[in-house]
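Each of the next two complexes has subunit A plus one more chain, namely subunit B in the first and subunit C in the second.
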Partner chain A sequence: MSTQTDKRRPYVRSVDGWWKRDPYYMRYMAMEATSVLVAAYAVILLVGLARLSQGEAAYNGWLEALKSGPSIALHAVILVVFLYHLWSWFKVMPKTMPMIFVDGKKLPPETITYTGVTLAVVVNVIVLIILV
Partner chain B sequence: MADSTKTIEMEVLRYRPEQDKEPFWQTFSVPFTDDWSVLQGLQYIKDDLDSTLSFRWSCRMAICGSCGMMIDGVPKLGCRTFLRHYHPNKLRIGPLENFPIERDLVVVIEDFIKKLESIKPYIIPKEARTLAQGEYLQTPAQLEKFRQFSTCINCMLCYSACPQYGLDPEFTGPGVLALMHRYNADSRDGGRAERMDLGHSEEGFWGCTAVTYCSEVCPKGVDPANAINQNKMGSAIDYFLRFVAPRGAGK
Partner chain C sequence: MKRSNAPLVWSLFGAGGMLAALVGPALVFVTGIAVPAGILMSPDLMGYQRMAGFAHAWPGKIIILAVIVLFLWHAALRIFHMLHDFGIHAGTGAKLVCFGLPLLCTIAAAYWLLAL
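Right after this comes the complex of A and B.
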């Protein structure tokens, strides 16, 4: 009887640095990274709330700090990051929803994305008008 | 060959387990005409340049799902990708990412097959019917709920596009989870409860982080990312309902 040797030697490739392999992955990582700044900005607002509870002087101090040069620069960066966060969030949204049928036809994902973005813009503009 | 013949450089990742320690790129000059697919280019290499090159193929018309490969780093079917779109640049062809390489462009797919079997990819009838009772009826609206997900050809491009599967092979992965949803969403099927222990788990829907590249590369428009993520809400409700009602109430 001859002994049969297994010639199979499957080669496993490394997945190190996988996100650099494709621009699609880089956009995904950028999308995930934006949530860090979203959380950071929530902390900034919470600090404002804490200062408000400490009285008028404390709150005004916080407002003054927001008006400083570095703070305005930070806000400009955060605005750009938030816009990408907003866009990417609604881009993924159709994937997370059950299929919607209108007159027997599937609602296209673009419709869901654009409706969401439009609503978000409208709500933000209204909030801005109320605040200013 | 016709006058309109051009030549393209095809770089193919080679790996011959009996003699190579690791894969290496080999370049072939391939004459082609505008109607040649990447698969035809590989067939030319095998027939006329190097008969030792191994790759899988069968139908040549995007229905068998055999010729999935990385073409310039993107998972595509060799039969529906054309050489003219890459000329005059060269193009690189490698085996599907996230799978071990068996030989050249052939990858090891046992894991995928095992997972496919595990979700019972067939209709488990809700109610037994005799032949005399006739067929299981379904309305066009009921059909639309799963039709898109039933067009999967098991080509595994989505697995190559899924970094979660690459990082954690325990993850059931896009194509198989989309098929799980396909059967669960079928009005004739009653097997949902049998499939959902896996669906609700970390290896199931929750292993997906919505990279969504699977849906991008799918050659049949299945949209696995949608099949998976639309289940998360129901899965979360099922999780919390167990505290107020017996297991399975949310299904």
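Right after this comes the complex of A and C.
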């Protein structure tokens, strides 16, 4: 935090580590922090695209780098983070989307979350089936 | 009244988050684990000829651009808000880094895709 030079020395409440106070805040921060590895994965793909545009030798170098142990370990971590993103994305969906009413009753948040998660699992499996 | 660019950034955030949930885990598994380690999938799946062919056609270009660019913008908005959560004042500098870098990457991705 910034050093206090004001003569009045007003009380400034520290915001350091506020999110460690409550499991709810920690889940929020975990959700926000997934973005760092989502960005990292996008950059890895962007480098692959750059290499692809430079020709076969450059692209094969990128493929070789992906085969290294640290790269596979990093992607295993990224995979876990993406799965957490999948879950947390639909967990907050009831709060981020407009309310839906069915037969005059508000659609329960659990229904929205589980429908979203199921849909995402199905789409991911379809992508895997197409690629295998 | 000054036009706000917030709706645009929020749309990119939402689209990126949805795409990352729908296809992200499968893509990470295939490109980062299965193909490089040779589990379940043939290494030819990401071979040069195949990927160059995929990126040459318009559907392929659009898919590659959508994944890279939307993931980046989704992450950019979250990282920008995380700065605030950590007590860092989100001024012009933070905006330049958080939104300037994804913009540069977007232009670069489009340029490389058009070159293919």
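Note that the second predicted complex is superposed on the first by the 116 of 132 C-alpha atoms of A that agree within 3 Å, B and C clash if a C-alpha of one lies under 4 Å from a C-alpha of the other, contacts with A are read in each partner's own complex, and residues count from 1 in each chain.
Convention: contacts are C-beta pairs under 8 Å (C-beta built on N, C-alpha and C of every residue); 3 or more make two chains touch, one makes a residue touch a chain.
All of these numbers come straight from a predicted model, not from anything done at the bench.
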- Query: Who touches more of subunit A, subunit B or subunit C?
  - Reply: C
- Message: After the superposition on A, what does A:Val102 contact: first (subunit B), second (subunit C), both or neither?
- Response: neither
- Examine A:Tyr41 and indicate which partner it touches, taking first as subunit B and second as subunit C; both and neither are also allowed. second
- Contacts of A:Tyr24 with subunit B and subunit C, given as first, second, both or neither: first
- Message: Is A:Val15 touching anything from subunit B or subunit C once the two structures are fitted on A? First, second, both or neither.
- Response: both
- Message: Residues of subunit A that sit at the subunit B interface in one complex and at the subunit C interface in the other, please.
- Response: 15, 19
- Hey, which residues of subunit B end up touching subunit A in the complex? 15, 17-18, 22-23, 73-74, 97-98, 100-102, 108, 140-141, 144-145, 148, 163, 166-167, 210-213, 215-216, 223, 225-226, 229-230, 232-233
- Note on the structure: Contacts from subunit A onto subunit C in the complex sit at residues 1, 15-16, 19, 29, 32-36, 38-39, 41-46, 48-50, 52-53, 56, 59-60, 63, 66-67, 71-72, 74-76, 78-79, 82-83, 85-86, 89-90, 116, 119-120, 123-125, 127-128, 131-132
- Item | Touching residues (chain side subunit A, partner subunit B) in the complex | 7-13, 15, 18-19, 21-22, 24-25, 28, 92, 94-99, 101, 104, 106
- Report the residues of subunit C in contact with subunit A in the complex, numbered from low to high. 16-18, 20-33, 35-37, 40-41, 43, 45-46, 48, 51-52, 55, 64, 67-69, 71-72, 74-76, 78-79, 81-82, 85, 87, 105, 108-109, 112-113, 115-116
